[in-house]
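Take a look at the structures below.
Here come two complexes built around subunit A, the first alongside subunit B, the second alongside subunit C.
For the complex of A and B:
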């Protein structure tokens, strides 16, 4: 113990004259640039997917309705409300935000006498609403993976001359990877017309529980195998993952489940129908609308007979959609499950020709019309009457039926929708098989960016040799002296709609072209053949712009008659399925009501 | 050295169960609660002292004031949801929890962390260690009545918290190291601002050396006091500076290097007297180590590169069945996370090993008898106790 050790500590006195190091007024001290302070939410970018709510480990976030935010496709209309009595500022909510709308400002002082004020909806009127500084997730930290999992496809060179299915479907590994990207927000469920339990069946894929997946599919859709291949998948347009990259491949995951459950197991899982209830229902048309209704009613115990004009059931799923997109055996399996419920399908029975509608009415408690749109619309341009001009749906039907169709070396297709591509690509295959070369020209009013057909149709069509020409309006089918078709004369389109948004194409007549071809195929829309109704019923029924009028329950103005599907609403299989369920419900209400009365 | 020399023959003798038989009725003994509200207690725990005159004859440690059930809470959270709560297990040096948890998850889930992130993690851990020691120096000096050092260290710690704030976005609970990596890169100009802090720290630490280590009072009250016999280290699970002060040079950073410690130069500080003074000295030297390490890291670390690995979708992240123990050298010794996963989306079991658990409960009880009442605070602080990590 030296004297030094007694004296040295006193050196601390030298700090007496130092300026104080404390901040006199800490209020207003700006926090660091990336400080995790109070939340901000860009209300317009937010889609209300609720991923923030799902990840919050404190349960501090509730999704709530907010004035001015509407529920619409891809937006739940809800917005996060945050309780600062629970929040721990971990920012996981910001990290997982699918749109990047939720952020944190670097603001950290907030004084209020009302404790409830600290449960607030960011994005409304907080003072730090537009503050730039604060926590944003660093780039490259998307939650769900921005790229779709790979799926095998038939190379263009291998598909030119045959109708083999193009898509191979996911392998298990691919499916699990894809399923992993789902954030289970359920925006897709709201968009799907049949409200399939999409997040749940995707979870089943993740869990590799295909039995559960299949049961979930069948809860809402007896055409899951079909829809797993050709559904218009509007669900994918409202997927939250879309905001970070590719939407989840919902359609392919559905298909993956079905592909992984053998048929016998499928029948077992779907189970049988309820005991017969004594009611008899007739359905005209074995498309997805009619058969879905048939499935539901049969499960309820009704005796259901479906009358189908053509040789096999399926409607446009068989006679419209080409086999390279939907193999017939896939459709057959869906139909087989429906038949296993006891549904009787009587093919080659055109109602109005082979049996009268009145007979159906007499022998049944209710009749459902599900006749679809079987007649192709014509362009009515000069030269379009007569041989060499075909309707797309007629040709497709004949191709499916195995009939001989003429296959000239060059054909011209009018139309830019999916049906146009279906026939163009089908003809291309037939040409390739017959002549070894493809000579299909597809002309459409729209410009490339606005084609009605799906983007992949354009890509795959081009790959298969279809020449796609946009912005052309058909003017005349050219014929030679003998009357044989030689091509299509067209003008360039300058606009399609008028100022009021009505369909009124305008042309640049100076820009005229002739597209060579010995056949012109019109693919510009379909209409219903309602001749089966007969004059009296046609007169008696209410109509709505050329279609049989129906109410929300798909009841016509005649109490015994219901109508569903393309003929009254459309426009695709999944809508036909959804509406098939609804019409079945209406029919059940009617027959049980009758039961009550008798 | 101490003036007070009790008559030990007067002391209560152990009964058949080995515990002292204290008859309070005799008036010879007094029960004295040190804590839970007491300036001589670090955090929320207390020591129930039985004193005879000035001398403590028995000390019982009481914990439980801070129990939040973290380990159980973790079992009820998904793997990503656990990440924001682990830091709360230890308030003054929270980052160790973040690192151990993240590393355990990464090992069991088979995730490779980008190199940049491992450097950032090491940086964060050394910054955390530095700050933990700042609190320690303030605490040990305060427990001996030297309040000044605490004020200085609080200031220096605050400067480091500023660096934490700009780097991690928070001052205390940083929530920056998460499974897969870290949340961001170094801000522009960070190294220069850090250097300023380190230089300020060095100035203040030089002052601390003068007022503490060259202070006769401090030396009188700490030298030869609270000696832990190195033979007890094994039995009481003594690690870290507490062990190093007794000549057992254990440092996980050296013995089984993790993160980038094998690429950094430092010599673990050690001593041999195993008393309070040496323990404080060892920690003081370790601060210099941390300062040096921070400088080395900022110099050697890569200048760019990813900081996060691609994680599976964290909303339904399942980790295969497995178990692991991840350990590291925190300012108090070996810190560890034992984790068991069962293939589900939740950890089946997580056990946190905080060094205070062994140091401040059993060991403290063992060291207390025979000390002076006024030394108990310094004794406890000298073990560097953080009650929150005792109670998980």
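For the complex of A and C:
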């Protein structure tokens, strides 16, 4: 090596004080219109589902909390942070994005002296944040599919005169297709009152591992036959898939799992209860809240007795929900698993009539009231007292019990909730079977867009011949000289709530109609029958707006007494299940405490 | 194109014709008939240009699909000739004597899918991947994410959050 070769590198030092020849943007040329450059994210549209992170083949994306983004129903509050040290700009994250919030600008130069600057959260302050040119996925979301898988249903012509179940449930092929659409983000889990492991059991369907699916269901819900059919499925309103297509049919996939595990196998998978712990718990009412608590407590080793006033267990699941939505044998299978845990259900035992609440208190370590809302509320309009006017819940109960109910050719239902539709559609079936025609008119205060009932009730009810009239306020049950009901007189509703948001319907009295019918059915709400408490306990308990007051652990003000279900909280089966677990936990805490003392 | 298919169908044991556009269609041929078909297409029917040779991994079916896209410039028509190979012993027939450029495609397919073309010039030499030791990366059982995680260092300080667990911590921490 010559001296010159050794010294030459040092000659570069003469440029040390020169102006740099490197410049921040050496090219300055606009990239192509659809170039896949630096990321953009519309923070308001993004729901933090993390599907971009899941699909990234370079492990370049982290989901991070961002100031100003709130964790709420359907939005995790997290946002993607991308490491440009790993990103290869393949755009899979953009293609899979469930809301279309994640895009790419065509910007491609970025100079910074801080290497950590290249780990950044798109959508905050980057200069290309609002740039129009760049890569956006064309058309709709395609990688995960936007259309719900088909499921067989009984056609209106085949179901009008019978109580056969309408929904057939997914076939395996249909279920796999539907499960394949789920991106397993888990945004739905927070919305489910029981926080069921929804993405995990959907993955079990995809993997065709029904045993694992069933075990996941039973971790949080002993009523999957029921909830797989009639759950209010609010989870589906938080589904990431609904932003560009149909939400995943979570409810039907749950049903699909339970449909595919025979009874004996269910019992094997669920396993037995712990050894008896010597504690005795009484539960009043065999609805979803009471029986969920019974299931948990029995599995913990408690001796659990459920006292049910009616002839069979299930509460509103049996005596409220019509058989065409929830067949009795499906409910019976859920109940059978609970009984297999050692739970004793004593039917036809009305507390307060057949056995005293004091006796239950004396013989048990704790008592849980799960009495539901069994009494229908009346409209108290003129003519509503007397024969020919029925409460929906009473009629539904009598239909389930197999009693003869009067089936006039024309019936008017007051109410626009699910119970109103349950009775309207049940009466329509009875009319069709008895008279060959349907003559049910359903009137509700709300306009069609704001009915409290599920949307499918309006569709299916109309298919079955129920005449649905919105924005009508009941004024009088019309009767003839003999006192027989002839119809319902109604006024048009102009508004339902006053300026303060209080319930105060206002009417246009000039718009009066008479809806012909020999029976009027009131379906405007229910209330609890608390007469079983007796005067002394009623006096002793704390109350909250007419309901027994409870704390977060479903404890009443009496240490031995707990209360759960619609009577204290509501409003549906899955909430009752979730609360059943919580009350069981509170009861276990109490009995464990007693154990510590004794 | 349909006339052409009808003409060649029996002699070359072609599968059904799958038209895409008036001047574009696809057809599948048994591997042992490939050379005869390609030669006739080139020499008799004007498909002188091999536009590209590419592969699809039908992993679930245990097959690789080769597609020879052939163009007849004078007739302005393109025919895709497909041949299915057993994925477990993926060996295709060398066609570089028909089109010299086939050698380059074949070398690429060897590297990216592991499909061998015995006799093809330089087919065992590295093409664009230098020092590759893993499964051929276009095979669908190649785990891109695992490879990237094993091969490239993670920048320190990175932390991520699972949306479901994060929502639980924020909305219902007590369970």
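Before moving on, here are some points about what is shown:
Operating definition for what follows: the second predicted complex is superposed on the first by the 569 of 598 C-alpha atoms of A that agree within 3 Å, B and C clash if a C-alpha of one lies under 4 Å from a C-alpha of the other, contacts with A are read in each partner's own complex, and residues count from 1 in each chain.
Please note the rule applied: a contact is a pair of C-beta atoms (placed from the backbone, for glycine too) under 8 Å apart; a residue touches a chain by one contact, two chains touch by 3 or more.
Predicted model only: the values in this text are computed from it and were never measured.
In the superposition on chain A, A:427 contacts neither subunit B nor subunit C.
The wider contact with subunit A, measured as residues touched, comes from B rather than the other of subunit B and subunit C. Of the two partner chains placed around the shared chain by superposition, neither subunit B nor subunit C is touched by A:282.
In the overlay built on the shared chain, the residue A:468 is in contact with neither subunit B nor subunit C.
Look at A:135: by the touch rule set out above, it reaches subunit B but stays clear of subunit C. Of the two partner chains, subunit C is the only one that A:186 touches; subunit B does not reach it. Look at A:53: by the touch rule set out above, it reaches subunit C but stays clear of subunit B.
Shared-chain residue A:203: touches subunit B; no touch with subunit C.
Contact with neither subunit B nor subunit C is seen for A:533 once the two complexes are overlaid on the shared chain. Residues 57 of subunit A contact both subunit B in one complex and subunit C in the other. The touching residues of subunit A, counted against subunit B in their complex, run 1-2, 4-6, 8-9, 11-12, 15, 21-22, 31-36, 51, 54-55, 57, 88-92, 96, 135, 137-138, 140-141, 143-145, 180-184, 203, 206. Touching subunit A in their complex are the following residues of subunit C: 144-145, 148-149, 152, 154-155, 157-164, 166-168, 170-172, 175. Remark: subunit B residues 77-78, 80-85, 148, 155, 162, 165-166, 169-170, 173, 175, 183-185, 187, 207, 210-212, 214-217, 219-220, 306-308, 310, 312-316 touch subunit A in the complex.
Residues 48-50, 53, 56-59, 61-65, 71-72, 76-78, 83, 85-86, 115-116, 119, 185-187, 189-190, 195, 199 of subunit A touch subunit C in their complex.
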